[in-house]
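For reference, the structure discussed in these notes is given below.
Chain lettering (A, B, C and D) follows the sequence in which the chains are written, and residue indices restart at 1 in each chain.
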Amino acid sequence: MLLRNLYQPPTARGRLPLCRIWRTVVQVTIDWPQLRAAAADVAGRAYAPYSRLRVGAAGLTGDGRVIYGCNVENASFGLTLCAECGLVSALHALPAVRPGPPEGAAPAAPGAEPARLVAVAVVAGDGAPLLPCGRCRQLLLEAGGPELLVDAPGGPVPLAELLPASFGGADLSVRRDADPAGSS
Amino acid sequence: MLLRNLYQPPTARGRLPLCRIWRTVVQVTIDWPQLRAAAADVAGRAYAPYSRLRVGAAGLTGDGRVIYGCNVENASFGLTLCAECGLVSALHALPAVRPGPPEGAAPAAPGAEPARLVAVAVVAGDGAPLLPCGRCRQLLLEAGGPELLVDAPGGPVPLAELLPASFGGADLSVRRDADPAGSS
Amino acid sequence: MLLRNLYQPPTARGRLPLCRIWRTVVQVTIDWPQLRAAAADVAGRAYAPYSRLRVGAAGLTGDGRVIYGCNVENASFGLTLCAECGLVSALHALPAVRPGPPEGAAPAAPGAEPARLVAVAVVAGDGAPLLPCGRCRQLLLEAGGPELLVDAPGGPVPLAELLPASFGGADLSVRRDADPAGSS
Amino acid sequence: MLLRNLYQPPTARGRLPLCRIWRTVVQVTIDWPQLRAAAADVAGRAYAPYSRLRVGAAGLTGDGRVIYGCNVENASFGLTLCAECGLVSALHALPAVRPGPPEGAAPAAPGAEPARLVAVAVVAGDGAPLLPCGRCRQLLLEAGGPELLVDAPGGPVPLAELLPASFGGADLSVRRDADPAGSS
C-alpha cells in the first residue's frame, strides 16, 4: 500500500504529500517530534488522582492546527475521560483558525465539512508513546477515518491497523435498515 | 444560604465577591449573557449527526478564563461525548494563561492546584439553556464542586441542587476502607 | 405528595399499593431488607481491581422480578461499568418470567411495554447503602422514571429527588425540533 | 499459531480441546450456532428507541455457562450501554452455577479466579453477526483475554486480531511506575 510507504519515523519530519482527507486533497506536514512533545507537555496537566497514569494527546488536523487533550479522571471511574476524548472534543469545539490554505494546497471550499484529524500522538507521563484503548480508537476513527496516522513505538501506523474490521456510521444505517423491526 | 443570595439573573452581569474557590479567595465576575452566548456559539460547531441535538457549553474558571465544549457523537452511541465532557477536558488541557491576579484579588500561590470551574452555561441549538444530564453533573462536580453555578431557565443554580447527596472522591476512599476486602 | 407517604423504612417490608408504573396499575411489594441483602451479595462478586470499591445493586421490577448488577472495572478507567449499569442491562436482557399477575392486580396487556424498575438498592462492600453517581441516576431514570424508589441511609427516596430537573427523552425530541438546523 | 487452527466455522460445533483459560486447562465446547441463536434472541429484547439498531450478545464462559446482553440506550446518548456491556456485567454479577467440572476436565480450584469469557457472538436485529465497537473490544479483552474467540462473518477470530497492540492492566501499572510524578 502506497500510504504505508509514506510513514515517517517519529524522529524525522514526515511529509504526506497527497493524502486524501475528508474528500479534499490537502497537503500537510506531520512533524512527529513536535506532536509527541506537545502530547508530553499536555500530559503534565492531566488530572489523574485515581490511576496516577497521566496521559496526553496531541493531534494534527487537516487544516493544519495542532490540538490537545489530557486524561481527566472522576471518582466514578466509568466517567473518566481519556486524553483522546479531550482531543476529539477540541477538534470540534475549538474555532478553526483559517489563515488561508498552506502553500501549494487547494483552498478549502466554503461551507466545507469540519476539519479531520490527520495524525495523533499519545504519550504517557513517562514521555513514551501509549497506544489508545479501544474506546479511543473508535473515537479517533470517527474523527480521522481509517487512514489517520497514530504514533507508535515502532513508528506511525494507520488507525485501520489498530481497529480492523471496525464498526462505523455506515454499519449503523445499513444494519438498522436490514432489521424488520428497526427500519419501521 | 448566603451564596444563594448572590445568584445573578442571566440577563445581568453577576458579581460573586468573595466566593471561596478551591481553598483560595478570588474575585470573579460572572457575565451570564456572555457565557450563554459563548455556549450558543460553540453549539453551532457540535458534531451531532445521530441525535441532531446540538449542544454547546461554556464555563468560567476560577482564574478568569472562558472555556468551551460541544457534543461530539459517535456511531457507537455510548461513546458520545457531551458538551460538558469537552468543557471539563478543556479545563485541564488548555494551558492556563496567567496574566496576573485580577485587581483586588489575592495572587495565586505558586504550585497552586488546577483552576476550577466557577460558572457554566449549557445551551442547545435553539439558543436556550439545557440542564446537564446526570453524567455531566457528576463531571461538573469534580471540576467545580457543589458550589459551581449552573445556568438554568429560571436563573443560575448551584450544582448541589442538581446533584444532591452526591457521590464523590471522599466516598471512594472512605467506603473502600470500610470494606474488609477492599482495604486489603 | 402522596407517594412520599408510602416510603417504607429499609428495615420493614414496604407496600406500594397502587403505584403507577409504566402506564399500568400493578401491585408490588418492596422488601427493602431483601433488596439490600441481594445487593450486598452481588457486591461480593464485583470486579474492582483498580478502585477496590466493590459495589452491588439489586432492583425490583414492575413484574416482580429481582435483578442484579455489580461494578466491573477496566484498565481503561473510563470504560468501567457501575453496578447500576449491569442492573439496567439485566432489566432488558434477562427474559421476563411471567407467571401471571400478582393477586389483585390487573393482568399485563399482551404486547406490553418492557418491565420497569420500581425499587433499587445499591450497597458498597461494607454492606451499607451507597447513592448512585450521576451517570447511574440518569440510567435509572430511563429504566424506572422519576418515581423509582432508591434506597438511602435515611430510607428510600424517589429518584426525582436525586436527579431534579432532569434531562430525558422528551427534551431530546422537543429541543431538537426547536433547533432550525437540527430539525432539518 | 496453533490456536488459529482450532477455529471452528460458525455453522459447525467447534471444539477447543486444550484452551488455556485463566491459567487453568479446561475443556469447553463452543456451539457457535447456539451462541449466535442466543444472541439473536436477546437482540429482540434490546432497548434501542434512539438508534433503532437492536443488538444482542451471547457468550460462553470458561465454566460452561451461556450469558447474555442487549443494548440499552439512553436519551443522553453517551450513556448508552452496548450489548457487550451487559454481557460483561452478567459475567460477574450472575452467580456461577458450578455443577462440577465437565467430563475430562480438571476441577476448578477452590477460591479460583472468576470465570472468563471463552467465546462471544454479537448479532444485530437482522440476525447476522456484528463486530464489536472499540469500547466493547476493550471490555471483552479484560473479560476474556486476547485469545477470546469472537464470531465474525467469515468465522470466529481471536480478539487479539480485532484489538492488536492493546492497552491493558499491565500497561497501567508499568507506565505509571515509569512516570516520576505518577509513582510518587
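Criterion: contacts are C-beta pairs under 8 Å (C-beta built on N, C-alpha and C of every residue); 3 or more make two chains touch, one makes a residue touch a chain.
A quick note: this is a predicted structure, and the numbers were derived from the prediction, not measured.
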Most widely separated chain from subunit B, with each centre as the mean of CA atoms: D
Of A-B and A-C, whichever chain pair has more C-beta contact pairs: A-B
Whole-Å gap between the CA centroids of subunit A and subunit D: 27
Inter-chain centre distance, subunit A versus subunit C - centres from mean C-alpha coordinates, in Å: 37
Where subunit A and subunit B are represented by their mean Cα positions, the distance between them in whole Å: 26
For subunit D, residues that touch 2 or more chains besides their own: 50-51, 75-76, 79, 81, 85, 133-136, 138-139, 167, 171-172
Subunit A residues touching subunit B - in the complex, by the definition given at the top: 42, 45-47, 49-50, 56, 68-70, 72, 74-76, 79, 81, 83, 85-86, 88-95, 114, 135, 138-139, 142-143, 167-169, 171-172
Complex interface listing, subunit C residues touching subunit B: 44, 48, 51-54, 124-126, 128, 130-139, 141, 152, 161-167, 171-172, 175-176, 178-183
Residues of subunit B that touch subunit D when the two form their complex: 50-51, 73, 75-82, 85, 133-136
